[in-house]
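Shown next, in structure tokens, is the structure this report addresses.
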């Protein structure tokens, strides 16, 4: 993990309030696995004070580029969306433990289940799985057709199933309505809002990995802001909790209390 | 007085830590007289929170341009000096009562006495006096030769006497050492640090006007942060004090307690 | 009644926003910039019996996300306010709140009696929390019994509702809030400034001539929200909330915390048009958040729902 | 002795900067980023007798120029700290300060007795100011007599100097400072966080699961400066100053106000290299301001000049 002033090379609104930002810098070479995130310092001063955690959506090692996709929620992401190409942003990362690609084997079928801004980290994961010879099926959940993003990108990796709450595109309902219809898959990876993760964990018929979100202070494991409870105490450390910023954000399904 | 997002058209360091900044916008047409100031909002957010008062150094009505000269003292002026051409700065002004040019008559001799960053407002004043057919002598005080700025500009208006504390240029000592040597002048105008103003008031052999500085809150006369005591209660308002931001910054010498 | 109107004892406000005392003088300066009738109410500078010259300068210092002030209750005194300042405000039909201060109970009582009789004064704000004067001010605001006693005396002579302005510089603000409610306060005003200091590194001395000053601005907002939330659970009189309001969301946050109206102070210095601008942004933001009427979000105990 | 070295009871610091308790865990995370020996000292997270699971999440919320936290003293408990955390720190030769908390006097005493015996522990920081736990914590810090009694008990069992960490959420912090000095405290640590709250406009509910939290960061700096200034005039034991330190000038401002050393908390979250970066900037800034040695600027009453 390093801190790097990365230069914004591209920033575009790809859906309402959803922005794709590309930054360049040596930090990109530090990426260990998909699902890791970075902590962005939005401004030089103290306003805002805290960094903003954003997942890595894609990495281009040759050109030292990172791609992130974020939704404008509040003050920080609003300010981030106003930054222009050429400006620098201070990035701390990569942080956390990502999705274990090695958990899948050549020939396996893996389902990627993403909801809203939980979708981005699954893309870099999908690319690596496909490269390993894994068959990838992607289920992406949105509120409405208008919000859909990254559909083509995932289509290039395999079958893509879209669900929308209002039925304006794909299956009407939630990602779980699509997941129910699938079977015979060996592994799933999911990222999205907690209620979705709970539902996916219940419906899924295979082992899987889930990625969590929590409000963070330090992002490096020192402040204990981002803890979640473990179903059972960790045998070696004796800890009853895990830190999402360093032990996570990705956990084996069933390992943590959702 | 209006509020205007003015565009920076020029910014240059004219002496160590001394910057000249030019901004364009309709606000410039509001200028009533030299010695008025503007209150600059340094950043969009709350950091820094307070505006920064800076005097008008020159006005170009046709091109709607204002020139200011400021020294980098702390946080706000540092941030201001980092702004680049094309950026906007929110300006509130023009504020306060400036130097009464009408106090001088054609053929009079006026002495302008400026110290450090008190010098800038005297330039626009000098230009107007000369235009009225007034003879202008300028005394500019600096710490050392390196700090000297605006010398040529004032030279174009008449005689200029430079004083430096270390004697590295012009007369060694303070502006009063130069002022003492002059006589037969009809009026003086002065701006600079308080100790200098006190000394000038004592040494001067004519009536004059002095421009004061004080830490400000609102800049519009509402918070009473910037008051100074009047030597005598104001006859009509009955007030025993004056607000530098609205009644000043310029006062008749002897009117206020320094 | 409009979506953004609020109603408090003595104050029928077309919107919940008033300038905070001391940040708006007696209205004349900002009256040059916009029509003061756009304000929900106007709260003027503290008034004392005698003219007060206030503290020496510097009287303000900047802090991260805020500022310190030590004006020292400078004001022209009761007589002048009665003869010049309040009459000037007669041309406006928006409610007027007068902040009153004193150095003894008698002082407060005299100012309250006379000011509350003025036709265009709708309410008094009893300032027992000024951190910048030795006697009076804050000393009345840090002890529940003293605060209650003063409130009772002032209430007994006031012809208009009395809002007691609480100091945040206390261990238990709820205790003091309950005591002044008990003593008859019609409402509360909170919070006044937090005691603070800045030091000039060049001299090693405090920047303010008064050494300490009152901290205001965005920096203190979470302290104000917490105190308003705690107090509003325990009292049934309405609260005028203030302390760091800077953007439209802050107004909604204060009201959800338990304020029935809000006051804006330091933000006027950042943008002299802050009050009208915030008012203009209210309805659009309410639409985004699906808020029907402002009064409906006031997070107050059922007891005082009535007065809203 | 170097220009930036400072000396406090039990703490010979090569520079005046230590991380603030709870913002640095037990050092292992930041130890991956830089050599902890660059720090003047290390102050670790609060330790209680039993393991504490802390509060529910969300535990942090952002505020203008600061943040709220309600971690709730989560820690692995005395045994684990003795067996795993403190031994790990043995590889460093910079002084170690352990922050101790409890829910009863007995708790504090037990933790103090055992921790103070550990070879690489140089001082205890008695946390009587945690605003985020119902029992214990802050309740010990808001009453002078209670604070003094606890201090006395802890002193009687501690083998190392004891710094009492004061809460700013009180009417009169000087009274409490004097009481704990009287009771034998070797030094003071101030300030802990101010009680605050943020509300989520979408839900109308507090953002923190604990509802209220402790306000830290630049926003509270002027409050810390004022309290340190006031207290340092009245006590003769040294003060470890903290509360909003973010840039190098802040360190000098705290010391001029009366702090003999400083702690940096929230700034570590803004920049994980904050502590070493600030330390590296000290001497250049001292040159600019013409400051010979840091200890010379500590604006303290002559009484305690000796211990510096």
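Descriptive notes on the structure:
Each chain carries a letter (A, B, C and D) given by its place in the written order, and its residues are counted from 1.
One rule holds in what follows: a contact is a pair of C-beta atoms (placed from the backbone, for glycine too) under 8 Å apart; a residue touches a chain by one contact, two chains touch by 3 or more.
Predicted, not measured: the structure shown is a model, and the values here were computed from it.
Interface comparison, B-D versus A-D: the higher number of contacting C-beta pairs is recorded for A-D.
Inter-chain centre distance (subunit B to subunit D, centres taken as mean C-alpha positions): 46 Å. Note on chain placement: the centre of subunit C and the centre of subunit D lie 34 Å apart, centres being C-alpha means. Centres computed as Cα averages put subunit A at a distance of 56 Å from subunit B. Residue positions of subunit A with contacts to 2 or more other chains are 46-47. Shown for subunit C are the residues in touch with two or more other chains, namely 63-66, 218-219, 246. Taken as a contact graph, the chains are fully connected, with every chain touching every other chain. By the touch criterion given at the top, residues 64-65 of subunit C touch subunit A in their complex.
Those residues of subunit C that touch subunit D in the shared complex are 63-66, 68, 142, 169-171, 194-199, 201-202, 204, 206, 211-212, 215, 218-223, 225-226, 229-230, 244, 246, 249, 252-253, 256-257, 289, 297, 299.
Against subunit D, in their complex, subunit B makes its touches with residues 46-47. Contact residues on subunit B toward subunit C in their complex (touch as defined above): 1, 3, 41, 46-51, 75, 92, 214-229, 238-241, 246.
Taken in their complex, subunit D has these residues touching subunit A: 22-25, 29-30, 32-33, 45, 51, 53-54, 57-67, 69, 71, 74, 76, 80, 207, 217-219, 246, 266, 268-273.
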